[in-house]
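Naming follows writing order (A, B, C, D and E), and every chain is counted from residue 1.
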């Protein structure tokens, strides 16, 4: 557990959080290297299924982030996203997926420092929580079954 | 029952409809759906306390649609299905002849969507106390207990897709489970694929599920699938003010928003 | 955010006032609408907008002037300033705070003696009986100020009209009230 | 098998100081499908780009990943370079190893590993990229200008003079806007109507301009280059072709006591009226709400006296369809209505008026023929108080902004007053004087020095009437906030400039966004000041924020240039990163089931219905279809679609799925 | 329903007639007012001038006592007390930690759910509907409704009537058959708590108020606050000295005006207790010439928009 390096995927929108993360870079604010960003045009584009895929493939934590309400480049994408997150989070909670491992945030293009905070806090939190054993377990048992079926 | 048969017979005779979807006696004790196209077939229609399942799922089936103008015996769940399908442009007003059996065994005909909407406003559309209790029981569990609970349930799934076939809202020609580029949902029935499948189904039904329970009824492995979507009914109602299957021109809860939608988890 | 900000700049005057009252001094852009509407600004040594300006300077000398001013005691909390302030600055609340600080720092303006004496007599009356005993309070006030002859002319008339209650109304929970006074005094506020 | 090229940029030392670029290039070479890999000091430099182009040709690359700075910075650069080397630009992707990696992490193995991960993700993504062609949309070379004030007039004339057709729609019976109400203009004091009316006439006579007055935009469909607009021409109860504008009807109309809007209620007009003598068009309209015939069913005096029999009592509103390639919004502003200042008695005391009313009093053609006389009793005020910032810069009243024009027009008012009432005293209560502009500060100084205006720095608290005088209670903050009381004969409030009544509704009709104050929002506050967020719709004048005349005119000309630039091509080219509904062979046609739940999530109304018909013309399926001209590529519909029937180029399901897979499975 | 009643100290002393008239008026409309048992002083200006916690604790105790009795509405006729109670309720609702501190000090349970009604709100809620039918003796005098400070300010907390040129009392006077005049000093300050300590200031401020009303032909002034009343009524000798003019206009409480209109006698309403003698000549016909100014009063609804 000592040298556990959490794998964290960040799903962010191009206009606010991606640009905010660019600003974190330009201002040379340091943050943990565990987070890797996947760029979307808008939070409205972020499909809940892609979040499931991330956990399934070994992500220990997820960050989803976009423009603050009213600031969406496409004016309303983030509002739609927010509704979906509310529902999806409910469902995750009900099915025992650990919602503590998925962080939703609004980070604007001007909030370079906030982005560094979001990343660092998430990494620290996930590091403390440890690897996402539950999900990993079913991933492993699935792999085994797949192998068996391949051999057959 | 005679009133129903007489009515359907009349409808068939004067060509108001070409076929009527109703309940009939199955080969065993079970009640099944029958599609009456002739007066003779109409005479087999029954309506007993066992006739509870939602027939509306048949309305969009290719084979059934081909029968011509349809009539249907609808219960509350079926009426809500029809409203929801209407809001999704799958059924047009006046396209289906709808009959409803009242508590006193008399028949009500719904001439248009408006009358259904008015009826549903007064109807009991809640999930049963038993279902509610089961949801509460799950909600009372810890996160990992919930995870274990559902894992055990999903482990049983054999991916027969009976739930999908039974659901009146699952009318897509090509379900995402059948998409292979990318392969969102693994084909084999193992924990991962099963979890993916059931979460996806629940999300796709969030705000659309009209709690008829056909998914769980259809499941040969007795997975309480209905609870997944039932559990979302309340948050969608209280959070967004939306209930599925109440109005033919409703806007889908997840296709709209309010600028001040409340949440407490986005930082 | 603001907390860490305060840590970096320990207790500027405006910071302290903001902590105590929530009023942000620098919101004032000196339009003067408060001074224009204040019923007492003509009698004040510093009209309300000038008070705001003096606080904005963050200069202890100006602060001291305010604690010693008549302004804070002339303010009758009529709230006209707040009502018309385009920035919705709660000057009355600020005035309350300055008065309390002035008393605590023992800097009250000598000319305000009567006003403060009145307030103290008023509170004493409540402390002892739970309610305001007007006659007792006035006597107490006269003792404090020495204004023995003030209003002696109207007292008999008031008495006749039934407006002066010769016997104080003492409430059952008088002890409770005394406890309240005790507790708030222990809470580092103004000694009453 | 793909042939992908990976180019790792050092960015001088910006990247290489913490990331081992050589190693990243080396490892990338091992990836499946990577044909070529290298690292270079400055990929964006000319030699760097040349190297990229040569590698594409030499290694026959079918995909490129540039690992460098943020794609928000140089994606267009490298895509262009690829295109120049013959590779479809959309087969080029960037890995952000500078802003998201080298600049934010220390120099260690983890940082280099992260860079490798980021490159791998893009290599996998680019394998799923598709060659895309930019979208061409035809352009209708007609502009719609909404609003016929000075901004609209300028924009329309500029566009028309470029040789394009213009349709101008004005709500009022005449064009001219607020400027036609002004007496004289700062800082030159030239007569407003003298400079404006020739332009108004030009509009009416220009061969490229069609003018609809007394008309409003009812509906806007379509998109840049191809708008379809429905305009409602309200009935004027008049055959304009027959009317000669002789004006006989207006003099004979028995209704004479209707408050005149143009005179801001300071004068009266008949029910059939021309708003002002220089109106364009100079033909009357019947105000049906106040016309005796429409109220009581008889009168028809105008019809009887009309020499050309042009009155049409039964005329109905007419709907006109317009096709336009661009829209200019020039709907102007409004001033705050009464009731906003209960403490100033505005709307309660007749002699408390607003700046526009004062303009009418000062105007030679106004209700007093240019004499300053107070409305209550017609006396000439000897003491007049001007209150600046009446509502502006007042968050408590909901207007935080500075209305910008009031300092100048208040100085002008004081000056005009003093020029007309030599023995009078003008007072101005102000907070700050904002006179930035050519000859502006000098103008204000003149009002103070030469015309002896008493400027008092302080805001007025209250105004009340006492014995026929208006008591103005203020404070002089330069005199220790000493209270000041002036017994004035008349008070002029420089009321805040606010968004036009109905601006919000129009914004929704036209589909442009607006700010918290309901002014129309520009696409970028600095670099796109006349554009809106909706392509093809531009802003001119004070509908965007309070503006004075020169600024409105400048913005209008700016908007006109944008329209002219748009019209300079027959077709528009757009980025193809938009949503698309899949199509399949019959009888399926598409996996879209036509639930149209995507329709209401689209912020651009880009999702249309497409009906698939059989040979007999019967509809057999209804599908969603994305309008290429309208879609801006947010992808909100994609995430909502249950059947994955909608996908989006550049961020397709395949692409994002692959990215996640590649990121997590090294 | 039990309607709680908080008279406050002045109504037990200097403003006895206010209490008498409120109680008498309530009785006419069959309303039972229940005095909050063992209530204490609200602390008035003195408390918030000198000690913030005290200024919140005293009103909090009153509301807590009311809650204990199961009272949901408290009528607080004194504008000053109404203001203190409302402000306290607001501040404690806004700041949870302050609230727990204050409940600690008063050592009582406090939920902050009680409604605080000023005299006009009370009348509007329970009486206004039935008022006009009960009017037997229209109060047909030119009446200046004086609202003062504490009834309408701070608007953000009290949210009562319009903060400039309020109308609620004018409406009541009109419904009682009176002619509410339009005037400029409706919400100017009368000098408030400085009656004793700065009598000169009070004379100036109250004098200006009376003068404007008198200039505009008011025959009577109506108030809803004992403090305003004592300044305008009791300080009349000082006021007349300041104005160098004798103004004999009586100052009535709104409850007295309504009381007279519904036929209560002067004694029951305590009119005899006023220092400035209440002389109201009988005027059988409604004033033929309603003051012209009142027509100009803008529509209050419009004003809010």
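In the analysis below, a contact is a pair of C-beta atoms (placed from the backbone, for glycine too) under 8 Å apart; a residue touches a chain by one contact, two chains touch by 3 or more.
Because the structure is a prediction, the values reported are computed rather than measured.
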Contacts shared by subunit A with subunit D include exactly B
Leaving out subunit D while keeping all other chains fixed gives the grouping A, B | C, E
Greatest centre-to-centre gap (Cα means) from subunit A is with chain E
Contact-count maximum falls on chain pair C-E
Top of the farthest list for subunit B, CA-centroid basis, is C
Subunit B to subunit C, mean C-alpha position gap in Å, rounds to 69
Rounded to the nearest Å, the gap separating the Cα centres of subunit A and subunit C is 55
Rounded to the nearest Å, the gap separating the Cα centres of subunit D and subunit E is 51
When centres are defined as mean Cα positions, the distance from subunit A to subunit E in whole Å is 60
Among subunit B residues, those touching two or more other chains are 176, 184, 254-256
Residue ranges of subunit A touching at least 2 other chains are 48, 53, 76, 80, 84
Within subunit C, the set of residues that touch 2 or more other chains is 80, 88
Checked against the stated definition, the touching pairs are A-B, A-D, B-D, C-D, C-E, D-E
The residues of subunit B that touch subunit D in their complex are 88-90, 171-176, 179, 181-182, 184, 204, 251-252, 254-256
In the complex, subunit D touches subunit B at residues 588, 591, 593-601, 622, 640, 642-644, 653-654, 657-658
Touching subunit D in the complex, subunit A uses residues 5, 7, 9, 14, 18-19, 21-26, 28-33, 36-42, 44-48, 50, 53-54, 57-59, 73-77, 80-81, 84, 116
The answer for subunit D against subunit E in the complex is residues 338-339, 342-343, 347-349, 464-467, 471
Within the complex, subunit C is touched by subunit E residues 9-10, 12-16, 38-41, 43-55, 57-58, 61, 104-107, 149-150, 153-156, 163-164, 187-189, 191-194, 196-199, 201, 205, 234, 272-275
